[in-house]
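Below, chain A partners chain B and then partners chain C, in two separate complexes.
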Partner chain A sequence: MQIDIPFIFMALIEIFKALPLTIIITLVPLIIGFLIGIGITIIRIRKVKGLYSLANFYVSFLRGTPALMHIMLIYLGFPLLIDKLAVTFRWTFQSTSIPILLFVLMALSLTAGAYMSEIIRAGILAVDQGQLEAAESIGMTNFQAMRRIVFPQAIAISLPNLCNIFIGFLHTSSIAFIVSQKELTGATNIVASNNLKFLEAYIAAALIYWGLTIISEKVTALLEKRVTVYNRGGVI
Partner chain B sequence: MIQLRNIQKSFGNQPVLKGIDLTVKKGEVVSILGPSGSGKTTLLRCINFLERPTEGEVMIDDITVSSQKGSKKEILTLRKKTAMVFQQYNLFRHKTVIENVMEGLIVVQKNSKETARKLAMEVLEKVGLTEKANAYPVQLSGGQQQRVGIARALALNPEVILLDEPTSALDPELVGEVLEVIKRIAEEGITMIIVTHEVSFAKDVSDYIVFMDQGEIVEEGTPTVIFNNPKEERTKRFFKRINREAGILESNLSSVI
Partner chain C sequence: MDITLIFDFFPKLISYLHITLLILVAAVAIGLVIGVVIALIRIYKVPVLNRLAFIYISFMRGTPILIQLFLIYFGLPALLTLVHIDASRANPLLFVAITYGLSCGASFAEIIRGAINGVEKGQAEAAYSIGMNEKQMMVRVILPQALVIAFPNFANSVIGSLKDTSLAFTIGVMDMVGRGNTLIATSLHALEIYLTLSMIYYGVVICLEKGFSLSEKKLQRFEGSLSAEK
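For the complex of A and B:
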């Protein structure tokens, strides 16, 4: 068997068209997951009654199972739940009218939330308690102190880990192809089977993922320098 | 005026404060002295409810906050009348010197940015740090950081500034600059309660001295009375030990020289 090098370039261009969907499947879960992560972190740090063990269970289960399972569980389980509810409440609504992408985004958001909560929690705990006390001692509410003093530093501390998660989720987004999403990997599969050139197509896909990762790393490094500028006395 | 009534605090079963009564008049500088573990810092932290007392009440001007019933809102009002200087400075690390001072002025006192900047600059002038206004805390020496801590408290123009061992974390050669700043603002008539180990400084700057041991006030009075004529055995012993340590230090120094 010979490798068809020109085909790699053709595939590259074809697969690249699926980039927007990959970006959506990467970014949307990370943004929603970030908000979930903050919520979970607050519940766990404050030990909110009733929700505390639920939050612990959520983090433990979601981090303890592969993202692929989350997609499959939501994709298979959620429609069942919706249809059941529809029957009970006499809705005319049917689960088949929900786009599959929505299930993928839901599942990966939950996954991201679990990972993010651990990262944010570590960041918040790394900011020394004294600054929170100082903020409260001048009459700031706990919320103001968290938002203005603790949180910005916690995010700065967490940034390298958050960027790792971004890269991780960029790669994880590829499993959406299993529920027939036409993101980068899904597109690769189509290009490959239409032309019966599998290796070439996957080499092209790998190059695209690699390139995206390198760009992310560069952006991360810049961002990191910017948000931790206070540690170097204002020198970027 | 500040009044503490029957302040008690226990950590678990361990009583740390056993009913403290103290009155501080407006413009007075009160120093709290005593051996480590006597509850000085805890008492100070009970005044602004960073530590909620188990029993008793804190009165500042027209508001009274009681240990058990004190609501979040009351505590917030109390804290707006006080400010604190910490042993470890506790500056906001992600903010410049002037932003540290402006933070409370903007967020708590709702000043405009320009007003806050102007007020902050005036206070930085007082602590001699105008040229460091745009530096970050990591770029400052311990003494400078603590002076920013003092400026942050002073800027809010509080009824009382609580100083928790303001020089204990400093290198010996930096203690002087901080004490000098505290002395200067004491002379301006700002009410201060200082927990300190610097006995001679306390003698110099205070209108009133409180000596604590094992969670109780053992003796209190003007510096002249407390330092020259302590009545209680425990107070005498404490000063004797301090003097002896100072003496040893001095003889060590002279042998080095």
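For the complex of A and C:
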């Protein structure tokens, strides 16, 4: 076995250039997913009629199928839908002009929404009921109590889970290479097949992903210290 | 898009379900062995090995399964040529089983370690106080309780691995997704095929969830019985 160590360094630099796209494919779905998650959580906690079972099905279906399926279904299905609408409404718009990246972001946002809603729900349910009662007793409206009292604490409780989902999505973003996105894994594939050095290229990619994961774990540990400051006494 | 095609594709794809399940079962079996060994190394803090185990878990947690799959697929045959074994023509299924096994091993190790540490210390002291030795204490008192704590996480991890197996086709394994891709090449009905695949995955995940939650209830039948007697 021969491993070309200098090539690993070269590949490292080459692959690293694809980092911005990986960050986009990781962060955008998480941010949109967070908003979807809040909506779904409100529906599920308030038990909104009609939407409740739909929200349950959404969460269960997306959590029960691989992310690859979501990407492929949106990537294959959405253009058909657009084209059909274009024909009925006589748009001059063509689905082929939509970049594939947009489909990936849409699909992963839906995936993230399902996972986020579970995390947010667990966080909100973990906040002591007395906190809400105390907030209402000093005259806050339900919305104020949620926004100022319950939500910040729920986020603090969910922080480790949020870090996990960030790492999870950092890794999930690698699937985007299947629909020919040039993020870290896609770039690795190109570097590997251009130089016919597959093992070295994938070692380089593994090192980058590993480094990113360790950095995000360290950042979370720091954040956790700051966010849970309220919890470390002081009053009593 | 032709919804009725789903009924055509369904039998064709589900006949490859056993490959997907085979990967899962092999991965879980390999993962359990690795997981128990690594967890023991981490709990008893075996010098040197503890450090290696830490790096192994960190690496497996820190890299996408897709990258691990390619690393094993390209790296293992290269490693084996050192001992003069030609693995370049081995069934890709083997590489998939090893990769998912290693990946399961890392998550199982953390789950087992967490569960054993999660059993109250007083339980071990109580076992010692009635004259059990360390092995008896472990096997009869700690492990059964650790199992109850570990089970929900274990179940989640298995379901996660099932979903990860959908990536095995990238190195040419003929599982459900691999078969689906060959069907796409001949029939050009990609959307219907992915819809069918999603339905099969969803069905299997629901069955697994139901099975796990039944077993969990069975495992927990002794929980809380002490407080009921009070």
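Please note the rule applied: the second predicted complex is superposed on the first by the 232 of 236 C-alpha atoms of A that agree within 3 Å, B and C clash if a C-alpha of one lies under 4 Å from a C-alpha of the other, contacts with A are read in each partner's own complex, and residues count from 1 in each chain.
Here, a residue touches a chain if its C-beta (ideal position, glycine included) is under 8 Å from a C-beta of that chain, and two chains touch if they have at least 3 such contacts.
Predicted model, so just to flag it, every value in this text is computed and none were measured.
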item	value
First, second, both or neither for A:Gly139, with chain B first and chain C second	first
Contacts of A:Pro66 with chain B and chain C, given as first, second, both or neither	second
Partner with the higher number of touched chain A residues, chain C or chain B	C
Touching partner for A:Ile149 - first (chain B), second (chain C), both, neither	first
Chain B versus chain C as contact partner of A:Thr26, first or second or both or neither	neither
Touching partner for A:Ser158 - first (chain B), second (chain C), both, neither	neither
First, second, both or neither for A:Thr41, with chain B first and chain C second	neither
Chain B and chain C footprints on chain A, overlapping residues	none
Residues of chain A that touch chain C when the two form their complex	1, 3, 60-61, 63-69, 72-73, 76-77, 80, 167, 170-172, 174-175, 177-178, 185, 188, 198-199, 202-203, 205-206, 209-214
Partner chain A, residues of chain B touching it in the complex	48, 50, 76, 79-80, 82-84, 86, 88, 90-96, 103-104, 107-108, 134-139, 149, 152-153, 156, 162
Residue numbers on chain C that touch chain A, as the complex places them	1, 58-59, 61-68, 70-71, 74-75, 78-79, 81-82, 163-164, 166-167, 170, 177, 190-191, 194-195, 197-198, 201-202, 205-206, 209
Chain A residues touching chain B - in the complex, by the definition given at the top	128, 130-131, 133-141, 144, 148-149, 152-153, 156, 230-234
